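Presented below is the structure to which this report refers.
Chain lettering (A, B, C and D) follows the sequence in which the chains are written, and residue indices restart at 1 in each chain.
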């Protein structure tokens, strides 16, 4: 089993509800964002557009955080979820340096690192992660990579760090681009 | 306040012979007395409860909320899964509620300011507040022979039905001056009122049935994200999505076809399309014959005055595109148009909406599932308005309420005469921040004898008040909410105890009434007692029960309910116009000084001095001055910016992120530039929002220019917010 | 011997109690009672004007150095600092300082609530006002001191009892981490002699307490 | 210097490691170092190692739980580093004890010197991270080894100087070689990352634009090399003030260089953020 987030950039309208649903669920400190909505570069897809990718932890197959952590504060579950165990964390920030996706963040208040755990507890109870459940556009989904047709999905979008480093499990659906008619309205 | 206690060094050090055994209420170490604390009464297990709430913001989506309360503390909010519109999801703003109610900076107690604007506040009891306000009301009445010098400015900070009790409270003291109108949507409402008899839209969940959808000057991805799901669903089912907007919004980025139009020329596009439809006989003659009035006149107007070529020139959209869009729109059935509020905030906004309505009418898309000209609906608002409907006391002076334009509030207050306005009551509003021409509004406040503001937070209006009253949030008080867009009815339960001394506006009205009657029997008709939940119950009537298929309002405690009837607007073909038909020719419009047909009114043009149009559109992390000031929002974005096309930036020698001064003859703001090809080259864009600790407000530059329509349905014309011409320069 | 020791201990505790009461009343905004509360502290001196308690002596010395005069501006400033309606310049809530972004009714408030609950105390009109308002925390300390005194008196013992230990614990967990910062905010924003002076005295008193009790 | 605990830890520990190797080599090669001298120097090394380890914990969010850093020897270079420096510290103490008692110390010296080298190398490996392209090479390890090589012998010569023992010409020759190699390595590294494009280039530019770039060049390399050149011209190999100056300048240079190392590195961006 290989649980993974699917980020449907063809559906995402960049409303930030996912990241706020996450904050609301875990009452996170204001500056800490386990999930972040990234605006993709405006001209990435040929014509100007406002498209987005919502990222949290990519629950990598080779998590760099886990390898770098000297305190064994990270574990990878059988279903692929990478868990950070706060009680073992010593706040050395090695994982923050090692992660190519800037996922682990340092909580200045508790002097430890924290990150997305794909709502493992909720999933164990058969519920969807807060972000997935909270997305009004249904632009986020959890799939099992071992058991999903990945034909329409990609492992990366332009601007996403080299996936060879840690083999992130996150999959993307690329934005659709419509036709744009811009008249001769040059002021 | 008088010098009540002067503890001098000497008096303090005086070696008193008296032994003080106990200190006031706190007792002595041997005889401890509780004051703020108390022994735990029963071993209560800290419990987790869920409550139904409703988002009361001025928003299309009016979400049904489920809140989690642990040991009396609100810990989580979620969307209700029982509403097929909310679908278990909230927006970014809704998810932030746990933060906003627990800010230490909430207004906690009634307070009185010594000198307006001085910042010198003293805490007063509710009784003192009521006494002072009541005495002022009675004194005004005595001096001027009526309560007309008292002016209410209340709008949409909280759209809960019971909050109309604020209007009720003012009614219950006599004839008063009312700031009427709405800043938001009047031109469009009037347009639809002339055309259909009122504004009435299909259930937005019906969007999925459209085969062709034009979103015209609306940005649901930001302002109605739950609707955006249905838009996407429609696309999935094969609907073609067209978005017409000067800004390539996030909604537009989802479109199959995006059309960048010159601002304020929407009517020209609609009329151009209509001419093509007419010329190619793509209109629904049968529908028109049966359901409309004035089709002939309208067609003749088109033939005489409109050409597609002209429309292309006006709008900046190539002729071929207009023609193909007109053909597709007229031949793909059903076709739906969502008319946004943004596109009617112009001096020709009402006419433009009428032109678009006409498109839907001539193609026979009215009254159909998947079709329609969607603007808003007022169908589910048929409450009893028990709190609002109060009798005026006898012999309280004046003939009737005096209405002034909310969209030009400052100037109209200053101009009011015989009697002048001497007292203001402000609720659910922040006029000093959100009204145009900030400086004039300030002057109006300065001219008052007494300004009372009921609010949750300090803002620029509270700063200019004499008395501020702390009010409850939606989680602290019962209520009931509906949307002006979807068809759900949600009860709002009291989920937590009101914090500090905050009170519901209706409670304030009851208690003020008691005080007025105590000082002068019969001076106020507002009920002086009643349980707030019972008040909620009294807002319902049989019509609402019937519409929603319930026997009693308490059934809503199980969850939100959707209207059972009327989900497709005008399905029965019975229009509420004087003729009972869809009126392409409207005599009613004529009465209000408009041309009876949907015609093109020339849009305002920029001039040499102020060459750019500033569009102050809504912002995704806030509603007007609400939400963007919260920490969670600031963590996502805390930097307002001025969006401009690279052509504009080049012309003015501005680089990305450089500070730019945007100004006109009434004011200026300085913002960092954001260079983007998502806006058209004839505009600049500032999203209207209030950032905590930042003195940046686009309204410093917005003049109170009225839109063409609004007077009939809302009392005052709307505001042409987007006809704001400015100049920019590098700072 | 025991009696003497006990007397001294109780006397000391009483002193603390009066001082805490003074600040409790101050933070309650009970202007009617402040005069009396100050008087009570004052009366705790010996006849010669010298208190046996070093605490009181220090405090009196401090008070004699500053000009503790209350006028109408004291109240305006007091409200700007602690009450509103604007953004509080020196919030009286523990969570404002300890919650990363200063919100009330969060985990930090619940921790205080749970502490009260362990001792069998809760806030009147629960959830109406955050449990960690300084006035409530100070009242809780007064309560602990009163309970401690009661026990010492009853048990004929002069050894520190559980209530004194709880007092220390509460001080370490819920006063020390933020009240100094709070007082500094008052000193930073406060210009009125009364508010300023009270903050100075309070801070010095707490420092004394902390030092004396090795907290 | 936001990262000052790591800056101090790495520079001090590397200096101690270099000094240990120097002392061991001198001891083995010359056999002329007196017990008192050796005992004094080895004590200095042990103390500096102890200080560096103590300082390193203050880099942690949870200094009291630093022991858990040893949990992941398998894959975490940080665990390896802590283990090796822990061992190194123990060895410095034993080494000192052996000097102090005049015991045979060849074996412990050899082990200590190897552990010292491995420890410094493991420190370097910590930063070889694909997420930080400018570090994802042998650069960090070379830097750290060169720090050890530059500061170790200079520290020893300063410690010896306190006891009025001069190391003379050989020290200067060695120091000049290390400094030249260090400077060359730095310049090569800089040009390499700048030509990497993307994030590497950004890091390179950060380094050049950094406020301590020139002070680091001057204090760490140019002025010390000047002093050595002056000494060589004078052919005066025993001016003790110059040795101290050389040490202090190089030490400051390394501290500045290390803080720049941490400050300037740039992570991979995610969608340009």
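Heads up, the rule we're going with is that a residue touches a chain if its C-beta (ideal position, glycine included) is under 8 Å from a C-beta of that chain, and two chains touch if they have at least 3 such contacts.
Quick caveat, the model's predicted, so the values are computed rather than measured.
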Common touching chains of chain B and chain A: C
Most distant chain from chain A by Cα centroid: C
Top chain pair, ranked by number of contacting C-beta pairs: B-C
Centre distance in Å when chain A and chain D are each reduced to the mean of their C-alpha atoms: 39
Euclidean distance of C-alpha centroids - chain B vs chain C, Å: 46
Centroid distance [mean C-alpha coordinates] between chain C and chain A, Å: 47
Distance from chain D to chain B - Cα centre to Cα centre, in angstrom: 65
Residues of chain A engaged with two or more neighbouring chains: 27, 30-31
Where chain B touches two or more other chains, by residue: 99, 631
Set of all touching chain pairs, with the criterion as stated earlier: A-B, A-C, A-D, B-C
Chain B - residues contacting chain C, complex: 1-9, 12-16, 18-20, 23-30, 32, 34-41, 71-74, 99, 102-109, 111, 114, 119-123, 458, 462-463, 468, 470, 496-500, 631
For the chain A and chain D complex, residues of the former touching the latter: 38-41, 53, 55, 64, 66-72, 88-94, 97-102, 106, 110-113, 157, 159-162, 165
Chain C residues within the chain A interface of the complex: 100-101, 106-107
Residues of chain D defined as touching chain A within the complex: 59-62, 65-66, 68-72, 75-79, 82, 126-127, 129-132, 267-273
Of chain A, residues touching chain C in the complex: 27, 29-31, 108-109
